[in-house]
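Pasting a structure here, questions to come.
Per-chain numbering from 1; labels A, B, C and D assigned in written order.
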Amino acid sequence: MSLSARMIIVLTFVGLLSGSFLATVDLLTKERIELNRQREIEEAILQVVPGTHSSQKLYEEKDLTVYGGKDKKGILVGFAIQASGIGFQGKITLMLGTNPSIKKINSLKVIDQKETPGLGAKINDRESFLKFWDNKDCSNLLTLHKPAVKTQEELSHSEINTITGATISSEAVLNLVNSSLNRLRQLEKEGSLSSEEQDVN
Amino acid sequence: MTDKIIILQSSPHFKDKDSVPKIMYAVIISLAPAIFTSLYFFRFKALVLLLSCVAACLTTEALFLFLRRKPLHSLLDGSAIITGLLLAMTLPPSLSPELAVIGAVVAMAIGKQVFGGLGNNIFNPALVGRAFLQTAFPVAMTTWIPSVMTKVDILTYATPLGNLKFENAVAQGTLTSLKDLFFGNTGGCLGETSALALILGGLFLLFRRVIDWRIPLGIFLSLTIFTGIFWLANPEKYTSPLFHILAGGFLIGAFFMATDMVTSPITPLGAWVYALGIGLIVGLIRFFGGFPEGVMYSILFMNTFVPLLNRYTRPRILGGRRKG
Amino acid sequence: MKVKTFPHGVHPPEFKESTEEKAIHSMPPPDKVTIPLLQHFGSPAESLVQKGDEVYLSQKIGEGQTLFSASVHSSVSGKVLSVDMFSHPAGYPVPAVTIKNDGQDRISTEREEAKDPFSLSPEKIRQKVKEAGVVGLGGAAFPTAVKLSPPNDKPIDTIIINGCECEPLLTSDYRLMLEASDEILKGAELARIATGAERIIIGIEDNKKKAFEIFQEKIRDYPGEAVLLKTKYPEGAEKNLIYALLRREVPRGGLPFDVGIVVQNVGTAKAIWDAVHDGKPLYERVITVSGQSIKDPNNLLVRIGTSFESVIEFCGGLSEDANILVMGGPMMGIAQWSLDIPVIKGTSGILAWPAPPPRLEYSCIHCGRCIEHCPMVLVPTRLAKYVKYNNLTEAENWGILDCVECGCCQYICPSNIPLVHWIRLGKDKIISLKRKKNP
Amino acid sequence: MSTRSIGQEFVKGLWDENPVFRQLLGLCPTLAVTGWVINGLAMGLATSFVLIFSSLVVSSIKKFIPSQVRIASYIVIIATFVTIADRCMAAFFPLISKNLGPYIPLIVVNCIILGRQEAFSSRNSVGRSFIDALGMSSGFVLALLILSSIREVLGVGTFLGLQVMGTWFKPWIIMILPPGAFLTLGILLGIALHIERKTKARK
């Protein structure tokens, strides 16, 4: 058997074997991975729009996805916006829940962030940042309160707490929230938030 | 004479009086005005920081010299004291002393001794210590208190540059006045508040010929030109070059940090390139970067280029190209 | 008056006060002289005498064999005691002739005087200079006849007479300029004729104003001028002197010939005149004996071959505190370990002083002062480092061979690093490697 | 080929030929994922899985592979196991998989793995290759553990998420940032070299 023939046979054999192996593994894991991904989004929606029984993807564009949460009776209990924007070090992805009239923020959840650990990464910390977003009136543009405070009472109506030493990360989240709220209102006005009957469940 | 001790030595037999310890102690003397102003403005806090940094630097240096079985006389050449003083000068007065000690140990151990001690380090040890602290304890390193002369009762306080960067001070007209910047009645690190004291010290060093005049001048020129262009183009948004020179760590950086002999180029042309680069990067960071202040990072950044600059800016030998 | 100078250089303390007002004093010849047959770099002269021979004063006792070696003459009359190896001031043994002085100073009949030396042909002048064994008296002792023979393709336009004497302590050239200005100028004129140059420039440092005024006056009779130079070390180094006076740069590895210049020391100029006019070989020279440990510092006219011991004895001896004995100036001179060393043609001074307080060596802190002060614009700290770690190729790339060993870098170095020592070691290694490659 | 005993074959990977501290291999994951002990551990185990199985496969089919295409075949084999590891982690440990991000697929280009195939498995028996891969994996896991323990304890004050430092401790945030990885690895390499020199001098 000539050398080149052997080379071809061996490589083909190795390739075929690997390929079949991978195909099997893919078959076995595909469903689970998809399930994991969905569960993550679902849990996030459930968190930011309490009372959700089923949720639907209402609208999708680059860096912005809107889900609608409905209770058992099928009545809209709020919107969940998944939005991404640039933070201090990289992309920040948030899940933001509002009431159906887009007047109040239910709560904010950080899905993904690459901010400086111990500093900007505190945008994922309830005590110093996230709790200040709970039940916040968002009918007006939100602003940042500087310097940082300890309790909700020290903030005025439409103010959000800063993270000490991480002004840029706090500002990035604030801007992301403000812009996605604006976009959501605009979408609602345009009527683009019609249910595509694409049940996420 | 043959029965006496004869010293056989290679020429030259005469020696200039200047020596490494003398140079180092001149730097310490030149820091005196800045130290006194920091003690005046920040009182006990400044004293504790200065003492703990110097003590930690000396201890670390001694420990490393002992471990490396080097003669302990290098401990007294003054370089460890300078590192300690300079590090303390760049710390916020509210920093707790144990953090300052960590910074000092890092400065001496990682900034200096792992490279082989005095003369072999690539980066300015004090700035290595500060950069470590800045990254390790960002909150503590960016919490400022006003000087005791400010009759305002607030807990935290923005530095003039922080004010400029994050509070939109130009538009709101809350920019720190040049007079306060000049005399040091403002928030900031121990040693960077008073421009006057730093200029006095810097002039002493220039007069004593300890530092290369090209480096402060080059940094000064390049920052002035850079900020000047933006200021002239849009004075509504950008501040004047004078503000940028007096505010923040610019003066202490230009006179005391960038001019550190060990970590600055040895050739005249290299010194120019190095200095212009520092000024430019300071401007870029202050205008477009994420931090309000960029002197530390720009000096550390240009420090990395020093060996390269030394190599490629070698002076032209008298007589030019070698014959044959 | 504009004072010319070159960039870089240093200002060591001068200490010239103790001898600059002392007229040149002739020292009586000693009982015994030891004349090395090699007085500069190159190969030693061939001995013409044997043990037991009677020699006259100024009799040729060693014949220069190659182009770059000079003849040697007896500096006393008497009997040859031995022809043997003897310590040379540079620190290694060389063949030397020891002669017992009979005190008569009998002159041989060979001396031929020239009635009208200025009408001699260049060849004749060169031949007489060579015959008299004249070498450069500034210290390097390069044979003067070679310096007066420029290659045909390199026309010479200027003779520079070096009256800088930039080394601290030394005053021998200064006294010579005050006392023998006519001979110096005549010698310069002979050199001008020998090389076909158009003019003479005499460069004098501004701490020797008196000498400058004399030359400014007297040079009117010759084509040329006297120029005042700034007092700075090494103003008298050949390449820096040429740059200071004419803003011409001698190419690296080249000679002053390459830019149409011949440089002669003032002492050499006088020796040329003596050789051509009187037929007097170079057997004595002016030296400065000075330093803190010399009891009676002086400028002396000394016979070649006199031991340092007799010279110092003549100057009142050494004080108790003497620890360092140097031949030459304090910046470039060679430290000596014995008083038995003879005075040679290149000896410009004998200096002694107590040991300075010991200084610690620190590692290089990159202050850049050595670069700021190197008259050749080298990077001494880097050269020293390359030699230390035996990277000779890089050392050569960075111009180690251009170093003139003036010592400015080491003088100014705050870390007290023996830069010149390292550089010398490196040069030596590189040159011996090259010799091995193409002998 | 190898003259070591089975025991020595295993132990060499722990110190004498430790892939990280002695051979400076696989530094990319070593630097990138050692901010937290759990990540370091997961990375180490994933790499071990790939290394052990590729060593087994390569050493058992080494006779059939012509030397001209051996690197290509090794890479295909390694890539297969890496993909298996990646998919399994995504399916069963989604959180860790998310934290490690692209570094799991990047095991393909980890020099330790290809290096062991080229230097050892392709010349030794299946049994020896297995022991060698086991030793090397342990060495790698050990290195990652040391590095990530130092970084997590100093950088956050926790170990595997458990608080180990008292409340007096102010975490050194730099340690879980990229610069902390370089600092720690540099210092550890220095110490390793120092110990190596000491033991050599004693011999």
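Just so it is clear, a residue touches a chain if its C-beta (ideal position, glycine included) is under 8 Å from a C-beta of that chain, and two chains touch if they have at least 3 such contacts.
Being a predicted model, the structure only gives us computed values, none of them experimental.
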item	value
Touch-network distance, chain A to chain C, counted in steps	2
Contact-graph separation of chain A and chain B, given in steps at minimum	1
Maximum inter-chain contact count - chain pair	B-C
Reference chain A; chain at largest CA-centroid distance	C
Approximate Å spacing (C-alpha centroids) for the pair chain C, chain D	70
For chain B paired with chain C, centre-to-centre distance based on mean C-alpha positions, whole Å	48
Distance between the centres, which are taken as Cα means, of chain D and chain B, whole angstrom	41
Geometric centre distance via CA averages, chain D-chain A, whole Å	33
For chain B, residues contacting two or more additional chains	138
Residue numbers of chain D (touch at least two other chains)	173, 177
Chain C residues counted as touching two or more neighbouring chains	none
Of all residues in chain B, those that touch chain D in their complex	99, 102, 110, 114, 132, 135-138, 140
Complex contacts: residues of chain D adjacent to chain A	35, 64-66, 68-69, 72-73, 76-77, 79-80, 83-84, 87-88, 90-92, 94, 155-156, 171, 173, 176-177
Touch list for chain D against partner chain B, complex	170, 172-175, 177, 179, 183, 186-187, 190
Complex interface listing, chain B residues touching chain A	138-139, 142-143, 156, 166-167, 290
Parts of chain B lying in touch with chain C, wherever the complex brings them together	1-2, 4-16, 18-20, 22-23, 73-74, 77, 116-120, 212, 261-268, 271, 310, 314-324
